[in-house]
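Questions regarding the structure given below will be posed in turn.
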Amino acid sequence: MEQSTNSGNRALPSWPGDDSHLIPFDVYTNDQVHSLELERFFYNKHWCYVGLEAEVPNPGDFKRTSIGERSVIMVKDKSGQICVVENICAHRGMRFCRERSGNTTSFTCPYHQWNYSLQGDLRGVPMRKGVTSADGVVQGGMPPEFDVADHGLNRLTVACRGGVVFASFDSSVEPLDQFLGPEIVPWFDRLFNGRTLHLLGYNRQRIPGNWKLMQENIKDPYHPGLLHTWFVTFGLWRADNKSMLRMDRHGRHAAMISTRGNAGVGGDVAKVQSFKRGMELHDERIIDIVPEAWWGEPSVVMTTVFPSVIFQQQVNSVSTRQIIPCGSGNFDFVWTHFGFDDDSEEMTERRLRQANLFGPAGYVSADDGEVIEFSQQSFDSKPAGTSLALLGGTDVGDTEHMVTETLIRGMYRYWRTVMDAAP
Amino acid sequence: MVSHMTALSPTEWFAMMQLYAEYDAVVDAAHWERWVQLFTDDCIYRVQPRENFDRGLPLATLSLEGKGMLLDRVFGIRETLFHDPYYQRHVTGPPLVTKVTAEAIELSVNYSVFRTKLSQPTTVFNVGRTIDVVVNTANGLRFSRREFIYDSELIPNSMIYPI
Amino acid sequence: MVSHMTALSPTEWFAMMQLYAEYDAVVDAAHWERWVQLFTDDCIYRVQPRENFDRGLPLATLSLEGKGMLLDRVFGIRETLFHDPYYQRHVTGPPLVTKVTAEAIELSVNYSVFRTKLSQPTTVFNVGRTIDVVVNTANGLRFSRREFIYDSELIPNSMIYPI
Amino acid sequence: MVSHMTALSPTEWFAMMQLYAEYDAVVDAAHWERWVQLFTDDCIYRVQPRENFDRGLPLATLSLEGKGMLLDRVFGIRETLFHDPYYQRHVTGPPLVTKVTAEAIELSVNYSVFRTKLSQPTTVFNVGRTIDVVVNTANGLRFSRREFIYDSELIPNSMIYPI
Amino acid sequence: MEQSTNSGNRALPSWPGDDSHLIPFDVYTNDQVHSLELERFFYNKHWCYVGLEAEVPNPGDFKRTSIGERSVIMVKDKSGQICVVENICAHRGMRFCRERSGNTTSFTCPYHQWNYSLQGDLRGVPMRKGVTSADGVVQGGMPPEFDVADHGLNRLTVACRGGVVFASFDSSVEPLDQFLGPEIVPWFDRLFNGRTLHLLGYNRQRIPGNWKLMQENIKDPYHPGLLHTWFVTFGLWRADNKSMLRMDRHGRHAAMISTRGNAGVGGDVAKVQSFKRGMELHDERIIDIVPEAWWGEPSVVMTTVFPSVIFQQQVNSVSTRQIIPCGSGNFDFVWTHFGFDDDSEEMTERRLRQANLFGPAGYVSADDGEVIEFSQQSFDSKPAGTSLALLGGTDVGDTEHMVTETLIRGMYRYWRTVMDAAP
Amino acid sequence: MEQSTNSGNRALPSWPGDDSHLIPFDVYTNDQVHSLELERFFYNKHWCYVGLEAEVPNPGDFKRTSIGERSVIMVKDKSGQICVVENICAHRGMRFCRERSGNTTSFTCPYHQWNYSLQGDLRGVPMRKGVTSADGVVQGGMPPEFDVADHGLNRLTVACRGGVVFASFDSSVEPLDQFLGPEIVPWFDRLFNGRTLHLLGYNRQRIPGNWKLMQENIKDPYHPGLLHTWFVTFGLWRADNKSMLRMDRHGRHAAMISTRGNAGVGGDVAKVQSFKRGMELHDERIIDIVPEAWWGEPSVVMTTVFPSVIFQQQVNSVSTRQIIPCGSGNFDFVWTHFGFDDDSEEMTERRLRQANLFGPAGYVSADDGEVIEFSQQSFDSKPAGTSLALLGGTDVGDTEHMVTETLIRGMYRYWRTVMDAAP
């Protein structure tokens, strides 16, 4: 084993070597690591996904979600602007909003009926001035120095782009386009090009594994043709499909781009292909793929935006996949499927049919949750173990192929930089 | 006592109870061929979160149209979809008959499904109600529609087998 | 085979099963008006810990006498009683008929109720048995008494909706 | 509609449902004398992990042959076997009738058993299916065989009472 | 944020400022804090509630309960005296008593049948003197120096007052009346004035929140008219009801005393009142209130005895509410409803009907459990947060009104004193 | 309380006194203690039970089990040799084997289809050499320095004796016979004398107590005649049965050997015997005991091999009982019942009938699980408590009787030595 470098923070695992191709199991299981990850990735310096504008079309519409492990509310105010506030009452701290979505003119905490505007400003404090007794004496109430301006809800910084809403607890976070980086923005804009989105519905799963494993999974082009044999069985995956991997300059975000090709079949490809070759579906409607103009050349683009979301375009199925950590050993994975307002009825039906491939029961997604669970089991059982991400070498960089784990190395190179930084 | 507006004959009721009992026995024993046989050729099989159903959102977690798609699901879970082996166990309440016509019977039933992974404790996997349409065929009663509208929206990782 | 001492006619049995099925469907769909309609005007509705029942202690967790109190409960949970929204799901076994008279039928059923909070795992909320009296009315079978004697004495925080 | 191949008469069906309902009521109330009475003299009562059953391994967790052994079990849990007191609660689905002869009826039912320890939350204790043989006797329907093949192979510490 | 004062104990949260009106979320979630609370509040220097004499009327009657997280047995011995022993066998430590209540002549641990008197004295040790082999040799047994007197059950100090039984693991605890203090004793004695109590039954709930939140809730006169809209809707609560708050000199115990008044309605009151004004119950029997002679003027008195119990008199409904912590994030709340031996049948029926207002399903209690759960969710999610208890200012003292959070401040002022003390 | 000796390791509980008759509750509940126990008892210097050869009769047969908290696979390779490998993929660490048993020609991890021989050697790495693009360029793949020889599964050291399979993560572990020691080997060989074993089936239970409590329980001859009143009631236990206790020189392993005797009944014995004297079974078949030639004189021999297994011969019922810890507060207890190939049908039936005495529902075993659970409850509630194992004095040594806790003291004397050793 290579020499290990001690990290700046005592709680942190020590990595073998200076690069990131050997990942200590500890990063997936250590609770102190997890708390620091929440602070540094979810609560500071990063934009996190909160939802789609299409989920709150009208003034007063709100949706409750989470950033990291903190509850937030996305709401459209009367002016049509989207605000995000933390779901903690400024009085005695209750998580006051209980519905998952709805429409309201203001927020009221039921415990003592403190009332807030949709922007989170404190508007009403019952008995603030006390009550007047029978003999005209004013009793109790808030002291004169109490100023409602100091006691609003915690309001987050918000950025909307192409109908997607991001927020941050960190008011000094860099602008969203800089955060995504010029390498990722085009792929983001390809999917969210300004069209109005049409909400199709949700799937939710709790995956008993560390949240980073889902980022890894979608940064791992090595597994789809090997784990998702359904793809191969029905000819939807060829290792020689034209493909590219792109990441931002930090290596934290990435796009996996691929196009169905007809290139000559190399040996390894053949091996994969031959797997259950020649099977046919009884009902082909599930893979009745119709290219869409906005695709351009690629037919599949999976974009991972660190730490909180994945944007999926798998042929005609488009969705956002939100990551909500729940301790170091679990995360909730929330799928929001959508279409576009100009979709024909047939296209909507097509997107819904192809949705059978994805989500907690999907032919090529259910098994991703399974492998994440089983990986976590190993990590829990063997604190001293390490994971090997050596495919394509030890370096980090864009490629024109899929036979590499470079995106995973990129993510952990970034992870080490941020986590090792002085507090 | 007066009979129910939408009454089934004792024979029909018995046959219906056997259909429901067999459905649960078959899926819990993973007899997938038989599972497919309990549906009509043009059947609808859906598993949908209550949230989507209540809000009129069309997305389902699993949505199969016709026997072909059911057969493809069986192939998928047998041959291509890697997963942890587990037992499932259905316990269902009495069906509520909502409509009886010459062609079909419409019913709904509350169900619970328990999951047991090898050498692990049994957990509540999925609960909800069904929306069923049962028709009579040469082979006996069959489901022409079976929708599971589930309360358990936060799926414990994955749902591999049909419930 | 010989028939049971306290036999119901097939028609009565079917109607009874529909009453039980509808009860569960109605409370799980939070159709409270209909829930009230399934009782007689002078009904008794009680939810009591098994401990109190077994020891002859009269306290119940919820004790409603007559339709008025049922209506007040409906108002209370709708308009005044702040609570976390949740789904409940009943799964009940076959009723045991303990007595049949010209006026009424006495039965008992084992039940389970699962609770699902929004975006949270489903949990076992309450299990036990009921003590029921069903009478025939112009509107069909109705409960003149429904007591839930529950094993789940340690209530997971609160019980808002009738079970 | 056509009747099921292995149909029971309405009277038989009702009697059968009462047998199942009474079985659950009796074990959940710990009425052990009555529990024994629901079996024939030469009965078989077994509780076996699904793993052993599926692999053809004969070991059972509990295997009683004849009423004598059932009576010995009752004595054992009452007089000699120290254990934590707990409530158990059965919720079972509709029985699947697999064979009807002049002598006996063969059935199978999915079951769930919930355990509640004093002042503790209710948990899923054991789920599975039964393999039952019911015969008619002078005292009514009785079990000549009752096997519980359980999914819940990892027993939460111990199983004291018959399920 | 004000300057923070470091506490004496490293584990402890640091409070902003010197007073107690800003409560760090940490006090509700930190496990080390919780362990220290158990030691200092439940196991030392405090009396904890164990039950009512009416629960063990006859010699040999026992009831099992908990003080903090330790299991104890309250039993009436042959002399009619009430003893409390810890439910841990002196041999290998088993929690031997399993029933929740019963009658016995002695305690026997089933593992090796060590036998104890109802006072906890070790009486029998099987094979203590070994066994005699065929050839007359004595084999094994306890060594000669083994003295049963050294191996009894852990016996607690007990105090009974007005039919209520308290116990303490701390034999040097101050007398009960001093512990309650002259400010609280009268309110305690008002309810428990020597009459024989008549047991009506139990309700039990597990509330997923820190145990202190229930003490806060009953020390918070600000919420009833605002959260419990049922009260207001049916005219049972008026913010101008004549009321007083009393606490012991430490600020740990308190009594909330109120009387239905008809004073002029101030603006705030009106606001509250107007809430769903004019609703009527279909069945008024649930609020068929009949004053009782022993009430005196007040119609409602809620007494919080720190840390373990609340005594409720809400018009005709009387009960004890026991707090049994279960880790920092949960507690069991056990309701014991009772009446008095001279109650008429109608009065018993009345108490039972009014019980629909209380307990896990109660019109004005179920929501208290809910708000506690939702508060804890915020505390878990945001370690650095604070709760604001500023109503009525920052000081601590009795009042003649309800528009204040002074009792909460009093409790945390006491908490800081005890927790900051050197070990 | 006697003076306490500070242990070498800071995390460790401090023991009152130098011997091991006063056991701190802390050893059952402390998570740091538990981690160190796993390292020192389960993962180093000890042999752990993995199964019976009879469970994998044919080449390719495998069985999944655990050593401590780590997942391992026992497999019979083509040469008929038994191998044990850790169930962690050398790539990204997945616990790849999911079946509990089966037959296979090799192991493949589904995530990226890395393939291993039954001995754990890495055989196949898909796309190891990259893929050849349309224009003939090799893309990606493993770097040239990647050597499959460095990336096999973690292979354990294996020892088979009499049809029982042990394994160790520690390649420097002493030979199995030395590990068992000359005192224990004869008792092991008495049961496993080379006959082919015949598998009867499994029972599994999760016991909510610390794993050591099960070793204690079977090293405790004091309890059977007192807890298992079923034995006494039906005359199967007499405290004066001829009996011996034997342990290895470390005091970690032990054998409890007893023979039905007819010696004169001493007082204590009588007391025990009289317990429900004269009861009779309605059906005696459950205790239709038929002595077997290989028994020799003893009719019951219980052998505890530290830390992982107990070998049971209780008259005609023979089984192995595997201990699989699951945190400090739980362990799984796996019963494998067997017979011998030359058993008559009647004998097989007899073993199966007597199995009603054992396992999670057994007349004389279900209660062992119960007392362990209730002991752990006390330990959790009272960190400062201690357990007393003083029967037969404070020393450690073999005896010719059962009236002693010497085996428990022996185990903890060994425990202190191993746990106190410098890291």
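So that you can tell them apart, the chains are marked A, B, C, D, E and F in the order they are listed, and the count of residues begins at 1 in each.
Assume a contact is a pair of C-beta atoms (placed from the backbone, for glycine too) under 8 Å apart; a residue touches a chain by one contact, two chains touch by 3 or more.
Model, not experiment: these values are computed from the prediction.
Chains that count as touching both subunit A and subunit F, per the definition above, are B, E.
Counting every residue number used by either copy at the subunit B-subunit C contact, under half are found in both chains.
Matching residue numbers shows that C-E is the pair in A-C, C-E or B-F whose interface repeats D-F, with more than half of the contact pairs in common. The chain with its CA mean position farthest from that of subunit C is F.
Set against the Cα centre of subunit E, the chain with the most distant centre is B. Averaged C-alpha coordinates give centres for subunit A and subunit E that are 44 Å from one another. Remark: subunit C and subunit F have CA centroids separated by 48 Å (rounded to whole angstrom). In terms of their C-alpha centroids, the spacing between subunit A and subunit B amounts to 32 Å.
Multi-chain contact residues of subunit C (touching two or more other chains): 10, 82, 84, 91-94, 112, 118-119, 121, 124, 153-154, 156.
Touching two or more other chains at once are residues 98, 100, 110, 204, 206, 227, 332, 367, 371, 374 of subunit E. Across the whole structure, chains are in contact as follows: A-B, A-C, A-E, A-F, B-C, B-D, B-F, C-D, C-E, D-E, D-F, E-F. Residues 82, 84-85, 118-119, 121 of subunit D touch subunit E in their complex.
Remark: subunit A residues 98-100, 110, 204, 206, 332 touch subunit C in the complex.
Residues of subunit A that touch subunit F in their complex: 25, 216, 222-223, 226-227, 239-240, 261, 263-264, 266-269, 271-272, 367, 371, 374-375, 377-382, 385-394, 399-404. In the complex of the two chains, the subunit E residues touching subunit C come out as 100, 199-208, 227-230, 233, 276, 279, 281-283, 285-286, 332, 337, 348, 352-353, 355-356, 359-361, 363, 366-367, 369-371, 373-374. Subunit B makes touch with subunit D in their complex at residues 9-12, 14-15, 17-18, 20-22, 24-25, 28, 87, 89-94, 112, 114, 116, 118-124, 136, 140-141.
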